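There are two complexes below, and they share subunit A, which is joined by subunit B in the first and by subunit C in the second.
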Partner chain A sequence: MSTLEKFRAISPAEFFYRNKEIAGFSNPARALYQSVRELLENALDATDAHGILPNIEVSIDRDTSKPVVYRITVKDNGIGIPEKYIPEAFGRVLFSSKYVLRQTRGLFGLGAKMIVLYGQITVGEPAEIVSATMGSRKVYSYRISIDVKENKPIILQRGVWPNTTGWHGTIVKIAVEGDWGRAKQKILDYVRRTAIVTPYANLVLRTPDEEIYTYPRVTDKLPPPPRETHPHPHGIDIEMLKIMAGETEEQTLLDFISNEFQGVGRVIAERFLRDYGFKLDKNPKELSKEELEAMAKALKEFGEFRKPRAEHLSPIGADLVKIGLNSILKPEFVDAITLKPVVYEGHAVIVEVGLAYGGAIEPSDEPQLLRFANKIPLLYDEKSDVSWKVVSENIDWSYYEIAFPAPIAILTHICGTKIPYKGVGKESVAEVPVIEHALEEGVRHVARSLKLYLTRKQREEEYMRKAITIIKYIPEVSSALTSFLSSNPEPVDPKAIEDGLFELVKKRYGEHIKELPHPRSIVLSVE
Partner chain B sequence: MDGERRLTSSVDVKARQSAADRIRKSFEEIAKAVLAGEEPKLIIPRRTLSNTIYSTEKGILVLGSATFERSFVDAKESRKFMQTMLMARIIYEALINNEYPTIRDLFYRGKHSIRYRDHRGRIGEENTWDEQKESDSVLRDIEVYVNLLREEMLILSKEKGKVVGDMRIRSGDDVIDLSKMGHGAYSIEPTPDLIEFIDVNAEFVLVVEKDAVFQQLHRAGFWRKYRAILITSAGQPDRATRRFVRRLNEELNLPVYILTDADPYGWYIYSVFRIGSITLSYESERLATPNSKFLGVSMTDIFGSSQRNKKPYLSESERRNFIIRAKKTDIKRAQELLNYEWFKTEGWKREISLFMEKQSKLEIEALTGKGLYFLADTYIPTKIELKDFIE
Partner chain C sequence: MSTLEKFRAISPAEFFYRNKEIAGFSNPARALYQSVRELLENALDATDAHGILPNIEVSIDRDTSKPVVYRITVKDNGIGIPEKYIPEAFGRVLFSSKYVLRQTRGLFGLGAKMIVLYGQITVGEPAEIVSATMGSRKVYSYRISIDVKENKPIILQRGVWPNTTGWHGTIVKIAVEGDWGRAKQKILDYVRRTAIVTPYANLVLRTPDEEIYTYPRVTDKLPPPPRETHPHPHGIDIEMLKIMAGETEEQTLLDFISNEFQGVGRVIAERFLRDYGFKLDKNPKELSKEELEAMAKALKEFGEFRKPRAEHLSPIGADLVKIGLNSILKPEFVDAITLKPVVYEGHAVIVEVGLAYGGAIEPSDEPQLLRFANKIPLLYDEKSDVSWKVVSENIDWSYYEIAFPAPIAILTHICGTKIPYKGVGKESVAEVPVIEHALEEGVRHVARSLKLYLTRKQREEEYMRKAITIIKYIPEVSSALTSFLSSNPEPVDPKAIEDGLFELVKKRYGEHIKELPHPRSIVLSVE
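Entry: the complex of A and B
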């Protein structure tokens, strides 16, 4: 795919003031959290989505003279930004085209520009960007601010120097007003949860408290990158259809319908157009407002399109979920499943569920829930999320022999080109039946395998307990037995009887007590 | 102290040697089995009610032929197995070291803690045994396993039984005259088999349940006047008292009469003397006195019997004053006794049904209420003379 998105400009200041709350900049704590999160997500999108194993460093520095000012620096080893796009990418508020669909982390398509603008309003320092694309022989640096009225970048400084080490990636440094004290827990949580679903990344976080959190890479396996796809007719609305019809290069409705949508072949496209009375050779650009409305309705209604496909999505994969849960939560048991895609309003959605149990997980009165949507951790509004409903209401844990408090964590991941978020904050997912059912199926699957594991473990433990019940008496019994042999012409070593008894116990419980070297490893002392 | 550490009588040395040999042989086999790679297990006769048989021929309770297996590598049995080995070792070492442990000593000698790491890696601590009940139980197992009574292994129990009478015995290296005990009495030693009878001048043995009654009879000169060996078990008889009574009966041919309260507990005391106890039936062969007789106090002594033309020893008003209403537990106990084979004789059926009818019981002391010498000079001699006893 082309690494450059197609852009469309709107007035940034206007948008920002209208959408400050929605975009997550409602207060200094939330703004700091949101800034770290946007930059980290961009860094990941610049790496794993392009097949690069990410090395990402996030530093947050407190200004020595102004304690509400924080400088956020994020450094990645991604594909980099072509030099001519650097000012645009950071200095003009833009929208991604909706003409093609792709699963991305970014929630609003605003990313770094929002932070540049927020920083400019609250602190007033220009943003610093250093970047080199893959194979570039030069490294470029920019200091940029935004001309709010004109919605265009102001370049304050530009630097170029030779790329001697072959480095590629981007370094972004932006100063914003924040509140580390109140944002700290959320930011730590966010990075930690991100590390769970990106076990293939090296993540380093340096905090204003001079603490360093490192999440080293534990696997070289990357999930397949998401790909662009055409929208499915069932997922279309009038606005979108208007844009598509206006921008298409196809000359006839037949070509437009069969080439610009997924799940539609030529034969089906022809039948669709005939059924609804559209002319096959009409130019899409000539559709009237009424015709567009009728066509949007018809596209949603027509039942013969193929189901939306999910090949373009990028689930994490059960293996990586297990690796991530293992390396961050250090549980004793882990399992995960990627379910078959389901369809939500014409968009394919893939649900993944993971479970971690025991080990370093602290027991709690409710399952610990780790929610993700398109690989982004969701930290707020947990109790109104469909995953919470499934985990706390739909599942009867006693059926799986889990009694709370229990050391159990459930991970849910919903990925798709459209996620049914609840409300404008995009922090919780709505109770859509198909998604709820998939989540429930997934949770039941991993809970079943936990139950199986616990039953087996209990059985093993029972054998071990029985064996130890016997073994702990070996020194006592052998020393007694030795005393009856004291009249033997050749003295018998109590160790010989000890070994003999241990051999007999091994004969009975051999399989289950392999790791026990000797009775003396069980019996510490006989007083 | 140097020189001879202990003055041990020759009987003692012999008993010690043979008991130690027997124990060593029995347990050496277990040790050899382990060295040969075989599962160590004990096959022990069962000491349960279902394996307790009343032998009509011998007139005593004996152990049946049922056995159980105690294997070390069986998680349910391994603790008991360890305890059995521990107990055997302590007894064996005490025998070799010329010691006389009591069962309480055995309990303390063996009690210590084992520290171990459990299946979850936690450190646990466990005592070899927590209560004397546990050590006593394995001691009984060893008695039946090696077929030696604790007395034969020179284990002492608390002594409770007392004896006086015109009789001389040798205990250890001393000769004791049982007619010269003053107001006191000779405590029957815990190893009655080591007692040697020198000479005796008596016609019968009278065993009384109550120590207080024993003392009254002793001071009243009962044993001298009626040529009796007077014994008290002071409640439930211990093993030494039972063995001593048995030896008097068996070796000196003295008839044995037993005097208890008129209630189911008194009857059971008689039954223990006569046929043995259920929990310790394995020792009956040596402890029971099958031809001992229940002298009283019987129900017909209290109420008389028109059938047998017997007058009661108590008047109407004495009865009103002395008898005690039977409790529910007494009734229940009496019903249980009726189920035992050895209580199914004419005499006992009559006695127990009269008890059920009257629902009354009486203590021996009530008879002394009639006057100090009534018991000694009227009641006991009359009963013996008229052969008014139950067998």
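Entry: the complex of A and C
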């Protein structure tokens, strides 16, 4: 019988090494998918989030001698990583630029470190990073692995070159154990769906099968970059308040409350502090535990703060959603809407909905659902997502005159500094009423617009049928008229009669139909 | 356009504070369930894993002034926590006694720290811990919270008392925001299922509804405690090998390989090293990166190691499974089996299966499935668990003459130092073939035993019917005989005749039926 336990601390790197599945590295297929995904998301965050039109190349190469080993290379034209941060950004778990209150892609901010870790566990090669920041006169390269026990980078090689071309961006190359066969479909889906919401990006994917998928830029329009923001008082908890009060440089509660929170002006801050009996000139660092508790509670319940703002968020925008859907799905009809921001636990959330119909879309028994959260595609757990509920339960499609199977795709995008994910894997969004209502409103909007389009199209087709029926007889009528008028001193050009009759038909039907076929083109086509 | 990113490191405590849902603290209901679960698992690991018959009390008290605040108190009679470790065991994330290779309850070894963290975020009260190790002359108490930014305990109060009663164990009290209404059923299920596999424990649960659920000890038999073990060479990866080679006190590769791995004797170690061209007397600390890589690969592929041992594991044992099922489900029939260990990725895994039938079990359309992994009940994601596949797809129950609805419960237990959980939440086990086969073999074994029992029972019932038909006439026959013999000089006692006839029937049917009703008891019951 042992009566003593050995206690020990492990480093964050060792924790995640032991619990790889938390970050999505549960098996070789999933790990390959996860690696591509994280690197592509980082590349996008380094470009579009800083106003740069992204040029991104992803290559996945199979090691010819070791068939389970894949080398993933992702190259971007982003802002680059300052040299002093390169080792830690890739070699130290829980070190990131993403630990701020800002809409970013990615799930836990673990990102590249997990790939380096997984790669070194399964393959044992260091990660290679090449980077230059904007305007940097030098390009730096590093070969890095992680000291798991100490959670710090091991620098195996460092190189410096003159930056003769003015290049900026980052190239990351990591070898991991993977399973391309089983990961392929998810990776292709992932890149394709990413391309839908980034029509302003050049994306190239080179696969181990020597295939090249290119998604060329179809617009130069970028969404507004996300910005860092102050937390809204309603989204605060004791712990966050404690950290903020400890870190602030403000000397008085009045300055602290009015400058470090969003939605709080000086007048409101003063009223808030007086209402709850806090001294305006007290130093926030001197708040006692009890005062911090009382203040956290008060911040949550005070009703006069402005509601959370959404200007710091970066929705895709209805125009880009339409461009993206058009360019990738090649539908016959497309519409999209960006809804007014809603508030979830003190955080602004923006919902966007797009719809594509017909064209190259295959008919299916259910709407094809393309879900996104903070611009990243969600591929798993579709059926438990609030978007699925809205699209398949809340909406009666027959009301919009859609009968399944139908060629219809719905895109949903939820963005914010806090997304109510359902599971630990962050693959589905929970049924939060405000978000569900916004989604429903969005889907109804685009569905109405589709109904209108289909009704118009149907009417147009009817008119077209009628007009064509008439137009078809124009040559006959005109030739009859020509011979009837042949006794006339000035013989009539049958073509002029045709054109005249055609003008009459156009006047009658032209407002309903965009383009009518000229009688002569019809005759030709009838023959 | 911003061209610079702020990079920063966050402490493990801050990471988990930001990602509470990883450890199961996604909403108040789930958090309350998770808190009770973690504390109960710790209490069991502090008792039965050290040969102590557990006495554990769990109380959940609602704060009368703040209805969403619950105080959870868990008291055990375990080995206690050495005083010097108390603050860190509750106040430092990634500090635990569970970071060893040993079968333990719990998911990530985050345990109590996450509850302290969640409690301080939502309620703001420190955790209270009282503990005494075995034989300690003092009892220590601490009030602790976590410095999230630094990931270290803040000791708010420390108390020491003389240990006059010789008590040992731990009492933990933490206030968290919860939702008893929504968590209740899961918590009751969890405790009840825990009681099934710990029939040697006294468990008491006091709920906020003032209900008390008691699961008294029904046996003094304990399963063998789990023991720490060396890793098997087939379960190694480069990173693990690097850590082991760096930490070992062995001076030569021969000592290192033969003493720090399981399944490797000196002879095999020598052959292994020679086969792969390693020098026997090389210091393991001096292995180059390339050598470590080659050795990790070699350890995985060398076929002559003994297969992973299972003696360090702690299965429940068929007897205890039967006792547990009997005591909680009150069935009419029960059986269980502990299967031979199988090997999963270099780790031994033991599968156990129990079956309970009839009695107080309600009939249902599908077998009631009670899943356990390392003695903890799995309540979520049942349908995606390998056990569900085995019970609902692989087994044709009609072959065992079970027609649903039927009153049948199947218990499955998978234990090992590595469990192939499916999702991040670790609520279901993946369909690993060796484990699936073991489960299937187990279920077939207990199902056969049930079939035998049911066949026997049916036959017994038939014989019983026949015997009773005869026995019913015994009084009549005996009274007829008595009057027939009444002219005899020595009058016959009718009871003696009855007894004689009963003996005849017993001789005829006794081997098929355990107990026959005496004719006089039948007459009484017939009247």
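As a convention for this text, the second predicted complex is superposed on the first by the 444 of 527 C-alpha atoms of A that agree within 3 Å, B and C clash if a C-alpha of one lies under 4 Å from a C-alpha of the other, contacts with A are read in each partner's own complex, and residues count from 1 in each chain.
One rule holds for everything that comes next: a contact is a pair of C-beta atoms (placed from the backbone, for glycine too) under 8 Å apart; a residue touches a chain by one contact, two chains touch by 3 or more.
In this text the structure is predicted, and so the values were computed from the model without any measurement.
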Which of subunit B and subunit C A:Val116 touches, first, second, both or neither: neither
Which superposed partner A:Tyr421 touches (first subunit B, second subunit C, both, neither): second
First, second, both or neither for A:Val342, with subunit B first and subunit C second: neither
Which of subunit B and subunit C A:Ala175 touches, first, second, both or neither: neither
Per-residue touch tally on subunit A - higher for subunit B or for subunit C: C
Partner chain(s) touched by A:Ile350 [first = subunit B, second = subunit C, both, neither]: neither
Subunit B versus subunit C as contact partner of A:Val334, first or second or both or neither: neither
Touched partner set for A:Arg508, first subunit B, second subunit C, both or neither: first
Which of subunit B and subunit C A:Met134 touches, first, second, both or neither: second
Footprint overlap on subunit A, comparing subunit B with subunit C: none
Interface residues, subunit A side, partner subunit B - complex: 461, 464-470, 472-473, 475-485, 487, 492, 496-497, 500-501, 503-505, 507-508, 521-527
Complex interface listing, subunit B residues touching subunit A: 23-24, 27-28, 30-32, 34-35, 37, 39-40, 72-75, 78-79, 81-82, 85-86, 88-89, 92-93, 112-120, 123, 126, 128
Residues of subunit C touching subunit A in the complex: 1-12, 14-15, 17-19, 21-22, 24, 26, 50-52, 79, 81-82, 85, 88-89, 92, 94-97, 99-100, 108, 117, 120-122, 124, 133-135, 148-149, 225, 237-239, 242-243, 246, 289, 292-293, 296, 421, 423-425
